[in-house]
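Worksheet: the structure to be examined is printed underneath.
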Amino acid sequence: MRDYLNWAKDILISARGQGGEARDGSFLELKNVSVSFGRLTAVDQVNLVIRQGDIAAIIGPNGAGKTTMLKLISGLLPLSQGEIWFKQRRLDKISPHHIASLGVTQVFQDIQLFSNMSILENVMVGCHVWTDAGFLSTGLKLPHAKAEEKEIMERAMSKLSLVGLEQKALAPPANLSWSEQKISGLARALAAEPDLLLLDEPYGGLMTSEIEKLSQLLLKLQQGGITILMVEQRTDEALEIANQVIILDSGAKVADAAPSEIQSNEHLIATYLGGRITEGGKLHYAASE
Amino acid sequence: MDLSIVLQFFISGVNLGCIYAALGLGFFIIYSVTRVLNLAQGEFVMLGGMLTVTFYSMGVPILLSTLVAVVIAGLLGGVLYRGVIHPARNLSKATQTFLTVGFAFAIEGIALLIWGWEYRSLPNFLGTPNIHLGGATIIGQTPWVTGITLLVVTGLFFFFGHTIQGKALRACADNPLGAKTIGISVERMSLYAFILAGTLGGIAGAIITPLTMVSYSIGFPMTIKGLLAAFVGGITRAEGVILGGMVLGMAEAIAASLIPSGYHSIFALIILMAVFLCQPRGLLSSPGKT
Amino acid sequence: MPASRAVEQPGKNMKILKHTPVPILGQVKKTIELRRTKVEHLIMALVVVLFLTMPLFAGPYPLAIMMDIGFYAIVTMGLILLMGQAGQLSLGQAVFFGLGAYSSAILTTQHHLAPWLALMLAAIITGSIAAGIGRAVLRLRGIIVSGVTLVLNLIFFYLVLSLVDLTGGANGIINIPSLSPVGVIPDSLFDYYFLWIVAFLLLAFSLNLVNSRTGRALRTMNILAGGGEETAQVLGVNVMKYKVQVFTLSAVYASIAGSIYAHHIGCIEPEIFGAHLSLLVAIMAIVGGMASPWGAFLGAGLLTGLTELLGGVRVGSG
Amino acid sequence: MKRIAILLLVFIIAIGGTVSCASPSAEKSYKIGALTSQTGKYSGLGLQTLEGIQVIVEDINEKGGINGIPLELVPCDDKSSTTGVTLGAKKLIEVEKVDVILHGSTTALAQSTMPVADEGKTPAILLSGTALFDDQLGKWCFRPMGSEEDYVISFFQYLNEDLGITRVAALLENSGFGQGFEFFMPGIASKYNIEVVMTQHFDPTATDLTLQMTDIKNSNAQALVIWGSGPAGALAVKQARDMGINSPITASFAQGSPDMVKAFGAYYEMSPSLIVPASKTDIWQELPEDDSDKAMCQDFASLFLEKSDPPHPANFYNVLGAQMMLFVVDSLKRAQPDPTNVEKARSELRDALESTENLNLLTAVYTLSPEDHYGSVMQKIMLITFKDGGKILVPR
C-alpha cells in the first residue's frame, strides 16, 4: 500500500515536473492582470514571468497591491482582467483548492494557524493536497486511509523537523512564539509539497537572529527545487536572497530585474529602497473607463 | 382579481408585517449589542399579553394595564441578562443563545402554573370599531397595531440617533472593543439591550392580544416568527428587521390570497428561502457583520 | 549591500527536501496514544458492554428511555460533526430525522418494501436531498445558516401536513412494520440492540473520522473555533465539498435514527418535523460538548434521562 | 473524554438504580393510568380530560370503590409528543403496573399508544378525534369516543332540514382534526343535498383569517362551517363577523369551550348566533323532562361542579374524560378482577371491555364486540347556540 502511495505521488510529482519544463521556460506567468474593487484599481495591468527555481520578491510601498497579487495567484481573489498561467495551466478560472493541488501554496502574513488543532495536526492538514481518503474510507479506517494517515504523520513530522520544530509537535499554536508560529506555518505549507510557495511578508515581526535562520531555510527550500514568490516590506532582507525583484507601486509594475540591477538604479533606490517612500500609500484611482 | 381582495391583501399584509416587525426588533437589539440570539423573546410577548389581560380583568384601565405589563416584561429582560447571560458571559455565544432557551422553558412553565392553559383575549383598545372599506375590512385593533409599531420604531430611531444611551448602545453594536476603550461599559449596555428587548416584546404582546388571543404556550411560535423577520431583513439593522417583517407579512398575505388553501404557509416560507439564497445576509444589512 | 547568495542551478538538489524519518516520531506517536489511554479504552468498553447488557437487568421502561437516548444521540452525533467539527450551525436536523422516518414509513406501508431495505433507501433518499439542500444553503455563512435551516424545517413541516395522500397529513402514518424478523426475539428487545449497535458503530465511524484527514479538513473550516476558510482553501481543502459532504453525513445519521424510530414506534406524525426537535438536538450537542462525538451520548443522556427521571409520573394530583 | 465516559457510566447506573427501586405498591387497588398531555401543545385538551377522569375516580372511591376495592389514579404526562406517549405508556405498564391506560390527547398521539398497549398486554382506552383508524385498533385498544362523522351529520342535517340551505363554505383547520372532518364532509353533504362551494383551510396558529373570509364573503355560500380545535377557530368566528359575514355559522365543540365563550361571547351571540355541538351535560337544564338521559346528565353536572377545583361546569373534554372512566368502571364492576394479579386482571378487564353491551353513557350508548372496539350506537349530540351570556338548545 505504501509503495502504491509513493508510486502515485511520484506520478503526481513527475506530472507537475513535466509542466514545469515548458518550452518558453515560463513557470508562472501573469498576463496583463488587473483587478479592481469598485472604482479602486488594486492591480493595474501587470505582466510578470517567474522562472522555476527562483526566489522572486515583490516589494513596494503599502497599498501597492502586493498582497492582492498573491491572492490572485492562489485564487482567493478573482481577476477583473488578464490571465494567470502556471506550468501551462490557466489558474484564473479555477478554485483555490484546485490551484493548491497543482502545486501552489500560500502562507499568509498572519499565518492563521488553526487554533483548534495542535501544531502537528496543522502540518498534517498541509498534507491534504496529495492524499485522497474520503469520508467513507477514513470513517471505516480502510487500509488505504490507514496507510495514508501513517504517511501523513511521518511526512508532517519530517517537515516539522526540517524547520526545527519537532519538539513542539503536540503544542497548541497559542503556546508558540511568533517566530515559531511563522515557521510552523511554513512547515504546513511545505507539507503540501508545493512547487511554488507564495509567502506574504515572511520576515514581518521577526528579530535579527530569526531572520537569518529564515533566510537559510528559504535558500534551502530553493535548493530543494521550490520556487518562491514573496511579498516583503523589509527590502534589504528580500534583496539578499532573491534572484528576481519586482517593484510594485499603486498596483502597477515599476521595475522587474535582478537585485543587482535594482541596486544600481539610483532612482529606484531613492524611491523604494531608501525608506523615503514619499508617495507610498497614496491610492490610485483608475480613470473612468 | 377582485378589488376587495387586493385591498384586503394589502391591509392584512401590513398588519401581519407590523406584528412580525415588532417581534423581530427585540432580536435585533439584543443581537447587535451582545451577538446572542435571544430565543426567549417570544416569552416576553406572551408575558406582555398575559399580564395585560390579568390586570385588565382586575379592573385596571386598559392602557394602564398595558403600561404595567410592559414594564414588568422589560424588567424580566433585565433578569434574563443578570441571571442567565451575565453569569455565562465567558461561554461561547452559541451556548449563551441556548441558555435563553432554558429561560424560555422556565418562563413557560411558570406561566402554565400561574395562568393555566386557557386562552385569553382582550377587547380592542378603546373599543375601536371595524372600518369597512370597499369590500375590505380593517379590524378595529389593526390601526393600533400599525400605529404603535410605527411609534415604537420612531422612538427607537430617536433613541439610537439622539440620546447618549442610544448612541452608546450603537457603539457597542458596531465595535465592542472600541466602545470599551472609550469607557462605555459593554455589560451595562447589554443589560439595557435586554431590558429594551423585553419592553418591546411586552408591547408587541399587549397590542396583538386583542387580535390573536394569548396563552402560556404562544411564546415559541412568536419566537420563530420574529426570528424569521429578523433573519430575512438582516438582523444587524433595525430597518432591515422592519422590512423583513413586512416581507414576511406580505408573503403570507399573497399566499393566502393566491395559493391553493393548505399550501399558504409553505409558499410564504419559500419566499423567505428565496430571499435568503439571493441576499444571504438579509435584505438590508451592513456588510461584514453577520 | 551584499550580493545575492542565490544558487545558480535551481531544481537540481531535490534530495535536500526528501522525506527523511524523524527520530522523535515514535515518541510523538506514543504521546498521542497516551492521550487515549488504556484506562479510558477500558471505561469505554465497559460503557459499551453495559449498554448492551442492560436488557438483562432492566425492564422495558428504562429500555424505552434508553431508546429515546439512542435516537437523540445518533442525531446529535451527526450535528456534532456538522457543528462541532465543521462549524456549520444547523437548526434543521429534524428535517432529516423526519425524512428518514417518513421515507421508511412510506416505502414499507405503501410500497411494501422490507423494513431493512426501506431503512437503507431512506438514508440514500435523505442523503441525496440533503446534498442538494447543502449545496444551496452552505454557500451562506455563520448564523444565517441556522436561520435558513430553521426556515427549511418549517417548510418541511407544512409540506408533510399538506401532502395528505403521501404522508397522511396531520394524522401521520400508522402500522409501520417492525425491523425485527418475526418471532425470533421480542420486537422491542431487537430494536434496542439494533439501535444501540448502530449507535456504537456510528460512534466508531465518527471517532475515526474526527482523528483523520477528513476530520482535520472539517476543523479547518470551523470559523467558530479557530478555523479559517481561506487558509483551508490555499492548503487544498475543497471547503464547499466538505461542507456539503458533512451536511449530508449528518443528515444520513438523522435519517437512520428516524427510520429506526419509525419502525420501532410503528406510527409517525408531522410533529417529528417540528423545529423544537432541531432545537433540542442542538442543545444536546452543546450540553454534551461539541469537541467529541461522545458528547452526543452525554448530551442526549443528560437531557432525556434527567427530564424523564425528574418529571414523568405524578405531575398532577393523584 | 475520560470525564464523559465516567459520567455516562454513572448515568447508566443511576437508571439501573431507579429500576430496582420501583416496586409495585402492595396495597389492594385498581390502578388506572391516565396518560394525558399535561404540558406542550395539547395540554389544554389533556388537562381537561384528566379533570374529568379525576372527578369520577374520586366519586367512586367516596362511594367505597368497586366492590370494596378502591381506584388508584396514576396521572402521567405524555408531553404532547409521540416519544412521550411511548415512554409514558411503558412506564405505566411496567413500573406502575396499572390495570388500564386512559389516553387523553390527540389522534396522532393515540396511535402511538396502540403498539405499546398491544405489546404490554394492557387495555387502553383512547380519546381521539378521528374515526379514520378505527379498523386498526387491535386487540387491546378501545375508542368509544364518537366520530367526526356524527358531527358532520348533525351540522349538515341542521343546515339542510332546519334552514333549507343548499350552498355551504367550509373553513377547516390544517390538522388531523380538520382532516377527519374533511374526509367525511363530501359524502354527507351530498346526502343532504348541500353543495360545498368553497373549502378553505387555516393553520392552528393562524392569527389573521381575513383573506379567507374575503373569499368566503365573495362566494355565494349561504352558511359557513368552521372546524378547528383551538383559538384559531374562534378567531375565525370573530373575524367572519368583523368582516360582515351575516350568514349562519356552525363551529366545532372546541369553539364552544368556556374560555372561547368568555373571550368571544359577544361575537357568538351576534345574529344569527353561532351554533356548536355539545354534550347533553352541557345543557341538561334545557332537556325536556321526558329525556331519559336528563337525570344522568344532571347528576354528573352537579357532581362535577362539586368536585372540580376551582368549581366550574363540565365542558366537552371533561365529559369525554369522565366517560372514559365510566366506561372502565362498568367493566371493572362486571369482571371483578383480582387486583393483586395484574396480568390476569388486565386480560379479564379487556374481555369485559370488549363485551360491553348497551352501556348508556354521557355522549352515546355503547355496545362493543371483538370486531368493533368503537361501538357507538347512538350519538347524543346536541346543537346549542348562545344567548344572553348562556347556552341554549338550538330552536328547531
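Chains: A, B, C and D, in written order; residue numbering restarts at 1 for each.
Simple rule for what comes next: a residue touches a chain if its C-beta (ideal position, glycine included) is under 8 Å from a C-beta of that chain, and two chains touch if they have at least 3 such contacts.
The structure displayed is predicted, hence computed values, not measured ones.
Compared on C-beta pairs in contact, A-C and B-C come out with A-C as the pair having more.
With centres defined as mean CA coordinates, chain C is found 37 Å away from chain A.
Our note on geometry: chain B versus chain C, Cα centroid distance of 33 Å, whole angstroms. One inter-chain figure worth recording: chain A and chain D are separated by 72 Å, centre to centre, where each centre is the mean of the chain's CA atoms.
Distance from the chain C centre to the chain D centre is 38 Å, each centre being the mean of its Cα atoms. Residue positions 39, 41, 47, 174 of chain D each touch two or more of the other chains. None of the residues of chain A touches two or more other chains. Touching of two or more other chains is recorded for residues 262, 265 of chain B. Pairwise, the chains that touch each other are A-C, B-C, B-D, C-D. If you check the complex, the residues on chain C that touch chain B are 89, 136-137, 139-144, 147-148, 150-152, 154-155, 158-159, 162, 224, 275-276, 279, 282-283, 286. Note for the complex: chain B touches chain D at residues 2, 4-5, 8-9, 11-12, 15-16, 19, 109, 112, 116-121, 130, 132, 135-137, 139-140, 208, 211-213, 215, 217, 221, 252-253, 256-257, 261-262, 264-265. Chain B contributes residues 37, 39, 92, 94-95, 98, 101, 220, 224, 227-228, 231, 235, 262-263, 265-266, 269-270, 272-273, 276-277, 280-282, 290 to its touches with chain C in the complex. On the chain D side of its complex with chain C, the touching residues are 1-2, 4-9, 11-12, 14-16, 18-19, 34, 38-39, 41, 47, 50, 54, 57, 72-77, 80-83, 86-88, 90-96, 107-109, 111-112, 114-115, 119-120, 130, 132-133, 136, 174-180. Residue ranges on chain A touching chain C, taken from their complex, read 52-55, 74-76, 95-101, 105-106, 108, 112, 114-117, 120-121, 124-129, 131, 133-135, 138-141, 145, 148-149, 152-155, 157-158, 160-162, 166-167, 169-170, 188-190, 192, 219-227, 236, 239-243, 258-260, 263.
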